[in-house]
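Once you scroll down, you'll see the structures, which are given as structure tokens.
You will see subunit A twice below: alongside subunit B first, and alongside subunit C after that.
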Partner chain A sequence: MRNYLAFLKKEIYEYTKTYKLLIMLMVFAVFGITNPLVAKLLPEILGSLKTEGIIMTLPEATAYDAWTQFFKNATQMGLIVMVILFSPVLSSELSRGTLINMLTKGLSRTVVILSKYTCMVVVWTISIALCFGLTYGYTVYLFPAGETANLLFSTFCLWMFGLFLLATLLLAATLTKSNYGCLLITGAVVVACMLVNIIPAAHRYNPISLATDNMGLITDDIEVSSLYCTILISCLLSFLFLTISVLIFRKKQV
Partner chain B sequence: MDLAMLKEYLPFLIPLVIAQLALGITALVHVLRHPHYRFGNKVMWACIVMLVQTIGPVVYFAFGRGEE
Partner chain C sequence: MGILEIHQLSKRFGRHEVLNGLDMDVPEHSVFGFVGQNGAGKTTTMKIVLGLLKPDSGSVTVCGEKVAYGETKTNRNIGFLPDVPEFYGYMNPMEYLKLCGEITGLTKVKIKLRSEELLSLVGLKDQKKKISGFSRGMKQRLGIAQALLNEPKLLICDEPTSALDPIGRKEILDILLAVKGKTTVVFSTHILSDVERVCDRIAVLHSGKLALHGTLSEIKESHRHNGFVLEFSSDMEASLFENTEELKQPSISMSRNGNTVTALVTDHDMGGHLLLGVLSQKRIVPLKFAVMEPTLESLFMEVVQ
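After this line comes the complex of A and B, so read on.
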């Protein structure tokens, strides 16, 4: 346990020193502020483009539009930025050989993997909470009448998908040597999930539903209970991926 | 966009500009102080970091920065 905490501290220190923490927080803060603003300004921008002879009827922007922006940005750019920033999670230390000293001094390899995962999860949680908080605050300010259903649950689903993605990333990092290989495998897993999603029967059991059904949850088109199974499967898969990556890293030549 | 509208959206624009500038300037300082990159040169990275909002600094720290 002491090793775990010490390595966790080192990880957090590394994220602040390599500016990764700052980038994650700033990028998600920018998204958080932009979401309601774009939703509010989009009708006005389109309205100013109006030319003679074209009649455009633009609906008044609502809180839904702000949350559409939030789930669009967070699930696409947000997750992409996160995966890119975290992709050298193992490869940088393996290629520089800085891990060897600690491992030969008796640091358990399980601890290395687990604390790396914990640290990524902590950074992801803070970032998504920041983005959610900013979007929520500004949306309430701009659209006081807006009522949305299942907002927290929908964001929780997105967070859950982030955990799944990070577990995949860590497994990919233990399987490959370079961070490009790691990016490639993670991308391949996401694409595979999207392809599986074409089959309607698989939709309920596919982890990617957590990142695609968010808007349906907010507009109440999708039942909350229909995602319980997906959440369970994502938890199990994340746990499985984490276990496999620990097992692989134990055998891996450093 | 007229002045009244600009005033209305000031509480959004100030934090947005601060966040964007913080990212850009941190990356710019890093670009200027660590002149070793995996590819490209100083001028190229300085332009990318300052001109491409949000994505520029991310790309620099993820792919551009060299080993110390």
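After this line comes the complex of A and C, so read on.
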């Protein structure tokens, strides 16, 4: 436990000192601010482009548009930035050999994996919370009339998918030596999830539904209860991936 | 019982056999020089001792405890200095030692005390800048400090002096000598003069096995050729001596290089008396008359060829 806290502290310190935390926070803060803003301004920008002869009917922007932006940005660019930033999580330490000093000091390999996962989860949680908070604040300010359903639950689903993705990333990192290999495997898993989603019956059990059903949830088109099973499966898979990562890393030649 | 015992260790990478039934025993409180050519398997052996590599067969015990590959408890008794130590570049030395101390489980007070003590031992006491700006020699010295932090019973250094300038090398060797009383030091190198300066025992690794091992004097004793080296003040004296009729016999073989004559004899005492007799009879006073000592270099060459 002592080791875990010491190494976690080092991980967090590392993310601050190498500006990774800053980049994550900045990216998500920019999304948070621009989501409602883009929703508000887009009809006006398009309206100003109106030329004669073309008739455009633009609907009034609503809070839904702001949240559409939020879920679109966070699930696409946000997750991509996160995965790229976190992909050297093990490879940088292994290729440079910084971990050797720690391991020969008696640091357990299980602790290495668990504290790295914890740190990534912490950074992801702060980032998504920041983005959510900013979008929420501006949306309430810009669209006072807007009402949305299941907003917190929908965001929770997205957060849950982040945890699953990070567990996948860590497993990929223990399997390969380079961060490109790690990116490749993580990307392959996401693509595989997307392909599986083509089968309607698989939709309920596929973790990626947590990142694709968000809009349906806030418009109340999708039942909250339909995702319970997905959440459970994502939790189990994340746990499984983490366990496998620990087992592999314990036997890895460094 | 030795502090580090290696028994019948074998390791191959693909088709390349690195270690082939290596046996080694390091007694406590010695400075143990582990010598071998590049690629002889020194680093591999050390990594197996640290549980970082998996041996194909054989066993290693540290302080009587068996080393297990992967997670090993034996590392708490070991301090390790890698050949090119790498640190978290964004930390300064004090922060790094604090992290190391927390990981080994030292108390806060102890960490502070030990860090200051060690940083002054390695001459980095007032160094506040980040490790990323350190020179190779400074990193090497910080490496020793981190390796000694938990007061290990066994300090393993992988070629600690190979890439350093003469001053840096001297400093590292002095530090190793300074810790000798408290801990057992195993250090690998291919710089033989370093071995002669600090080691009391050596082992030469060649083709996966120990080709030579023992204390330095033991090894030299067992590989001594009976012979004498004579140095004369002039070429004339040297040739006069070399061409003496009495010395032209099968039990003596002579060779000359400038003013120096080397005489190999079958019997140390008899040969010595004979040579001295000839000198006295010819009324030659040599500049030097010495028993031929094998150098570590010649021994090394002998076993690796």
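Please note the rule applied: the second predicted complex is superposed on the first by the 254 of 254 C-alpha atoms of A that agree within 3 Å, B and C clash if a C-alpha of one lies under 4 Å from a C-alpha of the other, contacts with A are read in each partner's own complex, and residues count from 1 in each chain.
FYI, a residue touches a chain if its C-beta (ideal position, glycine included) is under 8 Å from a C-beta of that chain, and two chains touch if they have at least 3 such contacts.
Computed from a predicted structure; not experimentally measured.
Q: Considering only touches as defined above, state whether A:177 meets subunit B (first), subunit C (second), both or neither.
A: After superposing on A, A:177 lies clear of both subunit B and subunit C.
Q: Taking the superposition on A as described, I'd like to know which of subunit B and subunit C A:96 touches: first, second, both or neither.
A: both
Q: Touching A:18 in the superposition: subunit B (first), subunit C (second), both, neither?
A: A:18 contacts both subunit B and subunit C.
Q: Counting touched residues of subunit A, say whether subunit B or subunit C comes out ahead.
A: Of the two chains, more subunit A residues are contacted by C.
Q: What is the contact status of A:107 with respect to subunit B (first) and subunit C (second): first, second, both, or neither?
A: After superposing on A, A:107 lies in contact with subunit C but is clear of subunit B.
Q: If you stack the two complexes on chain A, which partner ends up touching A:204: first (subunit B), second (subunit C), both, or neither?
A: It touches nothing on subunit B or subunit C.
Q: Go through subunit A and flag every residue that touches subunit B in one model and subunit C in the other.
A: 18, 96
Q: Taking the complex as given, what residues does subunit C use to touch subunit A?
A: Per the stated touch rule, the residues are 50, 52-54, 69-71, 73, 75-76, 78-80, 82, 84-88, 90-91, 99-100, 102-105, 143, 146, 149-150.
Q: Going by the contact rule at the top, pick out the subunit A residues touching subunit B in the complex.
A: 18-20, 22-23, 26-27, 29-30, 33-34, 36-37, 41, 81, 84-85, 87, 96, 138, 141
Q: Using the touch rule from the top, collect the residues of subunit A that touch subunit C in their complex.
A: Where subunit A meets subunit C, its residues are 2-3, 6-7, 9-10, 13-14, 17-18, 96-98, 100-110, 250-254.
Q: Can you list the residues on subunit B that touch subunit A in the complex?
A: The touching residues are 9, 11-12, 15-16, 19-20, 22-23, 26-27, 30, 54, 57-58, 61-62, 67.
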